[in-house]
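Common to both upcoming complexes is chain A, partnered first by chain B, then by chain C.
Moving on, here comes the complex of A and B:
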C-alpha cells in the first residue's frame, strides 16, 4: 500500500540525527540558563516511617547553599503525578514533600545551592529523625487480613481500585467447555533504564511565570498539574521538552519538576535537578509487578469458550497511573471469545511506584495468556501457531470491552512471513548446534496493542505556518522522546501537502509555542498526532485553494489539489498548474496578499490495534540449566509503516526490552533491609550487545488502517509484549517444564548466544 | 573532579553524556591516548598531558566521520544519548581492527548500554563504516 505514496512509506533518516552523532544535540542537562543553580532531593531511606524532626541548621551553613525546603514549606495538597488527562479515577494521594514517607525514595526535603558539591554536602548535613513503621512489600502480604493499611486516610483496604469488565457469562462458558485450564503467574517490577536520567530545570521568575525544561512525555499534563500545585494560571506556566534520551513511559508523569519549581520560587534562580542513576532505579517509577490468575475454558475442537482473568498489580505507595493501567490491560484480548471476564486490582504496598511503562499492563496479562495458550494447544494436540490463528479475531469483529470493530488485521500475513523466515533459519542452521547436551526449541506468542489511549482519550492538534518562500514550520504538541515522531509526523505533513520533506521544519512539545496534545503515551504519535497533522495540512490546502481562487478571480470549485499540484481552471479553458511553493508565492504578497496557516483539532474516536507475532528459538543445556536465546523473529501489522526503518528500529528495541524482561530484569527487594537492592546497573542488568540473539523483523505489507493517516497504526509499545511469552514457551518445550514466572534468571542461567555455542562444543 | 564533569562543566563540551556516573552505562566513553575510558571514572587531573578525543572532535571541517555518517544513514540513532560513547567505542575498535567480525563488534560495544535499538542497526552501522574506511 505504502508504495503508492511519495514520502510516506520511505525511510528518510531522522532529522535530528546529525546533531546527535556530533554531540551538538542539547538534552536537558546540557542546557545552561543564566543564574542557574542546582537542586537535590532528600529521600527517605525507609520504606515506611514518620519523620519526627528535621534539623536543617548545619546544612544551611554549607557555603553555597541558597535555600532548603521542608514539608511545611510547600502546599500540603495531595495530587496525582500521572501525565494522563484529568480523571476522577486518578486518586490524589501524594504530596510534593512528606513527613510520612511510604516508600524508599519518598521526597522529604530539598536543597538548592550554587554547586552540585554544595548540594551533596548539604544533604549529608541534614539531620532527620525517623520513626520506622511496619513495611508491606508484596501483593500477597498487602491483601492479608490484619496487614497495616498504606493509606488508611483514604481506603479501608490496601486494594484501592477494582476494575471489572466482562461480556457474556463466564460461568456458562466454563460449563460449556470440554477442558478447563487454571493457573497463576508472576511478573516482576522492572525499570525503564532510559539512558538519560530524569532531568529538569525550573525557573520561577519574579513576575510569577514558571518555565520548566524537562524530560517530559506529556508537557501539557505536566503544565496542568504544576499550575494547580503552584496556584498559577496555565498561561503563566511554560513546559519545554528539550531533546530526550528515552522515556518508555517513565516520563509520563511529574518526577522532580514540582520540587524544582518550589525551590526556584524560594531562591529566585533557575534550579537544575538531575536524578542520579540510583534515584532512577528505586525512586522514580517501575512497571507494576503482578500476580495474574487465569481460568480458560476450551472446546475439544479448539475453540476458546471462556476466559476469566484476575490481575493484581503492585502499585507501590501511590496511585499514580494504576487505574488507567488496569483499564488498558482489560482491552488487549485478541481472540474470539463468547464469555470474557476481567477483574483488575490496584494494590498499595511500600514498594517502588508502579506507573507507566512500555506496554501499560499488557506485558503482564499477555505473558500469562500466551503461556496458557501454548499449554492448551499442547493438551488438544493442535499446533500452537494454528491454535492461535483459528481463534484470532479478524476485521469486522470487536475485541472484548472495546467500542469499535477491527478495521485492519493482517495476522495471517504476519504468520506466513514469520514462518518463511523461520524455515529459512532452520534450513541454514540444520547442521549447527546439534549437540546431544543441548536441546533446542522454537516458541511463539501473539500480541496486540493500541494506537492511542484504548479508552479513546487521545487528542491532538497541529499548526502549520507557511513561510514566504513556501517552506513550512510544523508545530506539534506531541513530544518526540527519542522514537523519531518529529520525522515521521513531518513525512505525513509533506505527503499531504505535496512538498519535499526538507521544506518542513518541525517544533514539538513546548506549551508556549505548540498546540495541545494529550501526550506521548499509549503509542499515540503516528495515529493521534498523525491524524492531527494530516487534518492541519488539509486545512492549509483548502485555505490556499481559497486564496488562489480569489487571486485568479474564479470560483472555489475551479481550484483543485491533485498530484501534489494546485490546478486552477480560469474562465477561458485555461488550466494553470502550480506547485505548493508556486501557489504560496502567488498569494503571499501583492494587493490581496495573505498569510497562510493550517490548523486542526483531532479527537480519537477509535484506537486501532496493531498486531505482532513473535517467535523465539532457545538452546538449553539441561544439566547446567544454562540457556541462550538464539533467534527472535517478530512480524508486525502496523498498517502503513510511515517510515519503515523507524518502525523496524522500534521493533528491534522492543525485542531487546522484552528480552531483558524475560531473562534478567527485576527490581529486587532486600527483605531484611526492606528496601530495593537493585540500585545500580551492576545489580540490575539490561541486555548488552553480547546478550542479544539474532533479530529478524518484518512488517505485514497488506495492512491498511482506514482511520489512520495514510493507513498507519502505531508501533511503540507493541513489540515488547510478545517476546517474553515466546521465549518462555520455547524454553518450556525444550525442557518440558511449566514456567509461571519472570525473569527466567530465577531458576535458569541465561547466556549470550555465542557463549552457549562455545560451551556446547 | 572527574574528567567527565571537567569536560561538561568546566570547558563546556556537553557531547559526552552522564548516564550513571559510575562506569556502568558507557555513555561517557571517550578516547584517551588511543584507549577508550569512562570519563566518569577518571579524575580530570589524571588526564593532564594526555590526548583526549570526545565526540566533538570526531568530525572535521564540516565532514562527518564515516561512523557518524553510517549511524545516521542506518537509523542507528534513536534517543541518541548512548551514541557519542557508542561511536567512540566503535572508533577505538576500528582503529585497531580494520575488519572486525560481528562478534568482535558486539564485544567492543558491550560496555555501552543502549535501551532503544536492540543494537541491531548500531552493529550494521559499525560494519558499514568499517567497509567505508577500508576503501
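Moving on, here comes the complex of A and C:
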C-alpha cells in the first residue's frame, strides 16, 4: 500500500540529522539566555527522613550566590507532576520543596548562582540536619502489615490505587478449563538513560510572564502544571521544547522546571538547571518495578479459557503516572479470551519514582504473559508460535476492555516473515559453539501496544501556514523528542497537499506558537498528531478550492484536488490544472487575494493496536551459566510505515532497550545503605554495542489501518515489549529452567555476541 | 569542576624531579593516565594537595627488550600495549588482557602500571560524596566499618585489575627508583603491600616481564556483565611452560576479582607438579580441585550489576581454561 504514495512510505532523511551530527543542533544546555544564571537542587540523601533544621547562612555567603529557596519559600500546595491531561485519578501528593523527603533525591532546597561552581559550593555549605526514618523499598515490604505508611495523610494503606477491569466470569472460565497455570513474576525498576539529562531554563519576567525552555515531552501539560503552581494564567506561561536527546517517557513529567521557575522569580534572571547523571538515575523517574501474579486457564484443544492477572506496581514515593499506567496495562491482551480479569495495584514505597517509560506498564505484564504462554504451549505439546496464532485476535474482534474492534491486524504476515528470516539464519549459520555443554535455542513472544492513549484521551491540532511562494510552515504542538516525528509529520502533510517535502518547514513544541497537543506519549505522534496534520492539510486544500472557485468564477463543485493538482472546470469544457504552488500564486494577491491557512483539531476516538512478533536465539553454557543472545528478529505491523527508516530505527532502539531490560538493567536497592546503589552508568548496566546481538527488522507490508493517516499506526513503544519474554523463553528452552524474573543477570552471566565470535575463531 | 578542594598541579620532566615532590611534599598523588584518579577526585574519595603529572617524563615511556625480559615503561598506555609488536611477540597474553580493559577511549589514557596499582573497589566506596553522605565512612575512608561485612575488622573490597593476573602468571617484576638507583622487586610483593594499604613512597618506573620459555601455553579469560567498560566479575590467567633442560615445567594460575588480592591457585598447581607423569589422566581432578580451591579462597562481596549467585557460577570458567590446557597437553603440543 505504501508503494502507491509519493512521499509517505519513503525513507527521507530526518530533517535535523545534519545539524545533529555536525554539532549545530541546539539542545537546552547549548542555549544561553542574556543574564542567565545557574541553579542546583539540594536533594535528600535519605530515602525517608525529616529535615529538622536547615541553615543557609553560610551558603548565602558564597560569592556569586543570588538566592536560596527553602520549603517555606514556595507554595506548600501538593500537585501531581505527570504530563497527562488532568484527571481525578492523578493524586496530588508531591511538593515543590519538602522538609519530609520520601525518596533519595527528593527536593529540599534550591540555589541560584552566577556559576555552576558557586551553586555546588553553596549546596556544600548548606547545613541540613536530617532525622532518618524507617525506609520501605520493596512491594512486599510495603504490603506487610505494620509497615510504616508512606502517605498516612492520604491513605490508610500503601496501596493508593486499585484498578479492576474484566469481561466474562473468570471463575467460570477456570471451571471450564482443562489445565490451569499459575505463577508469579518479578520485573525490576529500570531507567531510561536518555543521552541528554533533564534540562531546563526558566525565565520569570517582570510582567509575570514565565518562559521555560525544557526537555519536555508534554509542553502543554507542563504549561498547565506550572501555571497552577505559580498562580499564573496559561497565556502568561510559555514552554518551548528545543531539540532533545531522547525522552522515552522520562520527560513526561515535571522534574526541575517548577524549582527553576521559583528561583527565577526570586532572582529575576533566567535560571538554567541541568541534571547530573546521578540525579537522572534516581531523582527523575524509572519504569515501575512489578510483581505480577498470573492464573491462566486453557482447554485441551489449546484455546485459552480464562486469564486473571494481579499486578502490583512499585510507584515509589509519589503517584505521578501510576493510575494511568495501570489502566494502560489492562488494555494490552491480544488473545481471544472469553473470561478476563485484571487487577492492578499502585503501591507507595520510598523507592525511586515510578513514572512514564517506554511501554508504560505493558512490558511488565506482557513479560509474565508471554513466558506463561510458552509454558502452556509446552504442556499441551503445541508449537509456541502456532499456539499464539490460533488464539490471536483478528480484525473485527475486540481486545478485552477496549471499546472498539481491531480494524487491522497482520499478525500472520509478521509470523511468516519472521520465520523466513529465522530459517535463513539457521541455514547459513553453523552453530557458533562446538562445545557439547553449550545449548542453543530459539524463543518467541508476541506483543501489541497502542497508537495514542488507550483511554482515547489523545488530542492534537495542527496549523499549516501558506507562504506567498507556495511553501508552507507546518506548526504542530507535538514534541519531537528524537524519534523523528517532525520529519514523518512533514511527510504526511506533503503527501496530503501534493507538494515536495522540501517545501515544508516544521515548528513544534512551543506553547506560544504551535497549537495544542496532549503530548508525546502513548505512541501518539503518527496516529494522533498525524491525523491532525492530515486534517489540517485537507482543510487547507478545501480553502484553496474555495479560493480558486472564486478566482475562476466557477462553482465549488467544479474544483477538486486529484493527483496532487487542483483541477478547475471553468465551463465551456475548459479545464485548468494547477499545482499547489500555482494555485497559491493565483489566489494570494490581487483584488480577491486571501491568506491561506489550514487548521485542525483531532480527538482520537480509537487507539489502534500495532503488533509485533519477536524471536530470540540464545546460546548458554549450563555449567558456567553464561549465555549470549545471538539473534533478535522483530517483525512489526505498524500499518503503513510513513518513513520505513525511522520505523526501523525505532525497532532497533526498542530492541536495545528490551535487551537491557532482559539481561542486565535494574535499579538496585541496597538494603544496608537503604537506597539505590545504581548511581551512575558503571553501577547501572546498559548494554554496549559489543553486547548487541545481530538484529533483523522487518515490517508487515499488507497491513493498513483505516483510521490512521494513510493507513499508519504507531511504533514508538511497541518494539521494547516482546524482547525480554522472547529471550527468557529461549533461555528456558535451552536450560530447561523456569525463569520468572528479570534481569537475567540475577542468576546468569550475559556474554556479548562479540565475545563468542572471538572465542570461536 | 573536578574538585571542590583546590590543589596544586605540576608536570615535571624527570623522574628525579617527580620523586623529589613525593619525598618532600604532603599528600602527593601521581597522575598517570588519570582514568581512576580523576573520578576518585570528583567523588571526593581522593583529595590531593599536589598532583604530579608524569606525562612529560619521556623516560617512563617506551618498551624495550632487555636481556632479562621485555621492559614496559610505567607510562605506557594499555592502548599501546595492545598494538605493540614486541608485546605481541613475547607476551601476547598481556596484550589480550589489556584489550579487555574498559573501552578504547580509556585504554588510550590508562597505563599498565596504573591498572596494576589500582585501588580495590566496592559499591559503598566508589560512589559520589552525595551518595555516601547517608552512611558511615568505611575503612577506606578512615572510618571503622566495612559495609560489606560489618563484623569484619578490615576492608573487604575486591581487586579488579585485568592485567595483574597475567603479569603474575608470567612472573613479572617491578622496577622502582629510590632516588639513587633502580631496583627490581617481584610484582607479587609490590601488589600485596599496595593492596594491604602499606604506605610506602615508591616510584615505579616500569614492569619487567621475563621471556616465557619456549613452547609456553597461556590463556587469559575475563568474565564481565558487559563486553566493554565493566570491571571483571572474574578474570584468570593460566600459564604452562614445558620443561626445559630438566627444569620445570612452570604452571601458574591466577584469578582476579574474587578477593582483595589476586588469588594464586597454588594447591592446584602443586598437585599438577607432583603428578606430572600422569597429568593427562587427571584432567577432571585438576579442574575440580581448581574450582574447589577458588571457591574456598574467594571472599566475594556484593557488587552492582551481578548477583552473588551469578558471580559464584563464574568460578567454573577456570574449568574451561584448564580444559583447553589439557587439550593442548594431550595433543602433545606442549612437550
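One rule holds in what follows: the second predicted complex is superposed on the first by the 751 of 761 C-alpha atoms of A that agree within 3 Å, B and C clash if a C-alpha of one lies under 4 Å from a C-alpha of the other, contacts with A are read in each partner's own complex, and residues count from 1 in each chain.
Definition applied: contacts are C-beta pairs under 8 Å (C-beta built on N, C-alpha and C of every residue); 3 or more make two chains touch, one makes a residue touch a chain.
Since this is a predicted model, take the numbers as computed values, not measurements.
Once chain A is used to superpose the two complexes, chain B occupies space next to chain C without a clash.
Touch criterion met: A:11 reaches chain B, while chain C stays clear of it. When the two complexes are overlaid on their common chain A, residue A:751 makes contact with chain C while staying clear of chain B. When the two structures are aligned on the shared chain, A:27 is found in touch with chain B, with no touch to chain C.
Touch criterion met: A:688 reaches chain B and chain C at once. In the superposed model, A:679 makes contact with chain C only, not with chain B.
Legend: residue contacts after superposition of the two complexes on their common chain; A:484 is shown touching chain B, with no touch to chain C. In the superposition on chain A, A:670 makes contact with chain C only, while chain B stays out of contact range. Once chain A of one complex is fitted onto chain A of the other, the partner contacts of A:626 are limited to chain C, with no touch recorded for chain B. With both structures placed on the common chain, the touch criterion links A:60 to neither chain B nor chain C. With chain A used as the common frame, chain B approaches chain C to a shortest CA-CA distance of 5 Å. Under the contact criterion defined above, the residues of chain A that touch both chain B in one complex and chain C in the other are 680, 682, 687-690, 754.
Interface of chain C with chain A (complex): residues 1, 4, 103, 123-124, 126-128, 130-131, 133-135, 147, 223, 225-230, 233, 302, 304-307, 309-310, 313-314, 316-317, 319-320.
Interface residues of chain A, counted against chain C in their complex, comprise 43, 45-46, 116-117, 120-121, 124, 130, 132, 278, 621, 623-626, 664, 668, 670, 672-675, 677-680, 682-685, 687-691, 745-752, 754-755. Against chain B, the residues of chain A that register as touching in their complex are 11, 13-14, 16-18, 20-27, 29-30, 192-197, 243-246, 248, 274, 276-277, 481-484, 645-646, 648-649, 652-657, 680-682, 686-690, 692, 695, 697, 754. Those residues of chain B that touch chain A in the complex are listed here as 8, 13-22, 24-25, 27, 54-56, 58-59, 64, 67-68, 71-73, 75, 77-84, 87, 103, 105-107, 109-123.
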